[in-house]
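Chain naming follows the written order as A, B and C, and within any one chain the residues start at number 1.
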């Protein structure tokens, strides 16, 4: 892997110097900016456009101990055709499952554009050896996962061992396969920062850069297992990071808020954030995803309301 | 591309009469003069209503009414005065949306600001000072308490003549009226001639609150009305917010009288960004500092002082950010920059901007189509500005930012203070000791560090030097309305 | 035995810590309350006023930047020095005011005590006039009083020592510097006080004393664009209006003359300090 920033990862000290040399983040100012963008009023044509875009950005997710092949197959059907009654509804971007259910999902989605994403690396805690994490990644990719959602070692990050975090991400990226300079051809790597455990916005900014320098294709807020999960200000910080990284390296990294996004109103706020922070280039499923499950039905209900003029009821949408 | 569809706030909520008289002694009365003028919507140039410009005789009637009401109002127990003011605060909250729309119509400011900034602050200001009305003995302005006793209530001054500007019409009204009433004074207030409508709506609110007649009187008009008000011998206290030039005249005219005077005047605030600043928030702070309310803000951060080592990076980020600003219909909920308040103000902004160009500064604006009708000026940044340029010294009162650079903290402070004004300043650094060092050396009444243009009724506001004297807000704001000379 | 001829003092101005003559070379006759010749005092010109303002401005950063504790110590030191010269001041007050020696002693004692009283305020006034403001948001918000800058002071014509001390001390204890126009009729205690100030660790320029005709000097100070405030306590009604009008040019803070005669013996309260303080409010976000 080569990026113009490769030299910063030669030692823990140089990584530290780089990450701590990034401009600080003032929490109150960032919160205020995110809140202000949250007041944007998206109506009529813009809302219609936003809803369809949001549907196309959804990583429909199930990450439960009780997941079964049946549950995953049902979710795949939902991802392909979210509203059986309305074929104009686009498909979701991907489904996101545990590694052992990748094969089931791949089979269910064969012949569609919906991708299969697998969490990996001892999700959600990440507390395992690098060997296990790499092996788990390889297995998921071998089972057909097109995308890997890894977790970083938050313990190492908080202990200041940035090099360890960097090397793990780089190793997992390598395990995703692909021969190209940035791993083209391999599985796309989403790096979960678990911002709820990083606690400060300065840490979120540093972890974002660390993940991008190490070769992540996406940076993702949360596992969904820690509260708080995705928030608007945290996503704002990450969007600033990908914006600045692209200006510096020419590479566009994606962003994925995950967890806690349940309503159309929430989803649209995120799209506004993308539009006015990273810019319209990021308004594509290739560069922005929403990790969610119940969100999809709310998007469908709002979509129907806009089409019919009547408020929709939940019994008219499938629960998968 | 994600285009936001128009999202206009409905104006049906406001009910504007075709014409307005004056609010004197709790009644709507016809002006005895014959001056009637239209107040217009600066975004469309549409006439909104016909306004009376009060004559000297009208002002006299209003002062007489206030004088008469003073006897009973000042004698009312503080707790009773408080309840009237609380009532006003509540009614403002109840009618907040209506008042926000009215403010945006008459003033041209974006509804997002009138709704999210002006109106909440207006209500909060009345709430804040309502609570003071029965606690004045604790404010520290009364006679010194005798042994073992609490102090007596400090006395009000009498009739307050108050003249306010057009940039925050209802908020400036609140800043003037709330402390005056809490302290037991009565009021004759003159709103600006281009933005009288919310003050007239406030007159209705006084009636809804059953405020005793004459406690608040609203006389609309222009400079002559204001001059008659501050010169009236029945006025005991003058409070003025507006230009330094008019403030100077008032100060001169009040020489030799016993009228107490507070002035909140112009500014040319420096917004200092050090190289270690939180850049993204600094950019937001710069934007909020100068483009909030179209830059029609006396404390606007109109001079950006950026450390030379990060000037390029910061300006790139700022320009990128400015390209996302949305200029247009003030009633659209997504509008960031509304209309310039008047043709006269637009002409002044244009004149000073032209001067900036001819003096050699480099002018930049994002691509920003302006509506055909109404008064508009695009967000504008001047780089390569020297301290000697007019745009670095004179208050533009518009969406125009002058960018200067500095090398060391001492140079930043020296340049920041190198102005006859001293209202506000901004400091951006992640280093606490540098922030405090800088803040302690800035000759300005309000220093925003790592933020800008924040206001709160509990926080005193007012300037050093030619930015005026006296403070509004907080315990300090009571001083202007109490007779607290210790005999 | 012949009586020894006394060595008289030359009464000069006090500017920037030095005792210059008026640049104009003028002086005027100062007499005692009984009309006896006392001295030819310097008659300051507008240029002397200008120089005094420059000296006060130069001294401002250092004096306002000194710790409050330090300023309090220096004011206390002034009181010590004044006490040490008690006899001299009593004599001067007797001559100037025509009061009995006992009364003059009380006035000098009160002046000493006044200085001690104000000295103690240096590090307390901030706590009384400042505030931590509970704003509705995640911000630390603190208001503190700061000195206004250079203050012109027209000292009261009567009470040439106690009145003088009572107008100077509240101005400087908070960090302002000043140019004082001494009592026109009785300027000599002011110059003797200057000698006390000059030997009290008070930095040069913090207090500058001009003697001469108030009506001649005061308008130049009132109109001076580098003077931030003016105390008109000693101004007659006409001069007060003129000065207040001139003061408007740069929005000077104006302390108007009193409506009733001031009882200089009474405890003064904080009004005189408050008149020459600005409130600075600093905001800072609170966050992680």
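Heads up, the rule we're going with is that a contact is a pair of C-beta atoms (placed from the backbone, for glycine too) under 8 Å apart; a residue touches a chain by one contact, two chains touch by 3 or more.
Since the structure is predicted, the reported quantities are computational estimates derived from the model, not experimental observations.
Undergrad: With chains as vertices joined when they touch, what's the shape: line, ring, star, complete or other?
TA: Complete.
Undergrad: If you tally C-beta pairs in contact for every chain pair, which pair wins? Let me know.
TA: Ranked by C-beta contact count, first place goes to B-C.
Undergrad: Find the most central chain, measuring centrality by the gap between its CA centroid and the centroid of all protein CA atoms shown.
TA: B
Undergrad: Taking each chain's centre as its mean C-alpha position, how far apart are chain A and chain B in Å?
TA: Computed from C-alpha means, the inter-chain centre distance equals 44 Å.
Undergrad: Chain B to chain C: how many Å between their CA centres?
TA: Centres of chain B and chain C (C-alpha means) sit 36 Å apart.
Undergrad: If you average the CA atoms of chain A and of chain C, how many Å lie between those two points?
TA: Each chain reduced to its C-alpha mean, chain A and chain C end up 69 Å apart.
Undergrad: Mark out which residues of chain C touch at least two other chains, giving numbers and ranges.
TA: In chain C, the residues touching two or more other chains are 137, 139, 285.
Undergrad: Touching two or more other chains, which residues of chain A qualify?
TA: Residues 26, 28-29.
Undergrad: List, in ascending order, every residue of chain B touching at least 2 other chains.
TA: Residue numbers touching two or more other chains: 450-451.
Undergrad: Residues of chain A touching chain B in their complex?
TA: Those in contact with chain B are residues 23-26, 28-30, 32-33, 39-47, 49-50, 53, 240, 271-272, 275-276, 280, 283.
Undergrad: Quick check: in the complex, which residue numbers of chain B touch chain C?
TA: 124, 140, 144, 244, 247-249, 251-252, 254-256, 258, 263, 265, 420, 435, 439, 442-451, 454, 456, 458-462, 464-469, 471, 474-476, 479, 484-487
Undergrad: Going by the contact rule at the top, pick out the chain C residues touching chain B in the complex.
TA: Interface residues on the chain C side: 128, 131, 133-137, 139, 141, 143, 148-149, 228, 237, 240-241, 244-245, 247-251, 253, 256, 259-260, 268-271, 274, 278-285.
Undergrad: Show which residues of chain B lie in contact with chain A when the two form their complex.
TA: 1-7, 112, 116, 276-281, 284-285, 324, 333-334, 430, 450-451
Undergrad: Residue numbers of chain A touching chain C in their complex, please.
TA: Residues in contact with chain C: 26-29, 31, 199-201.
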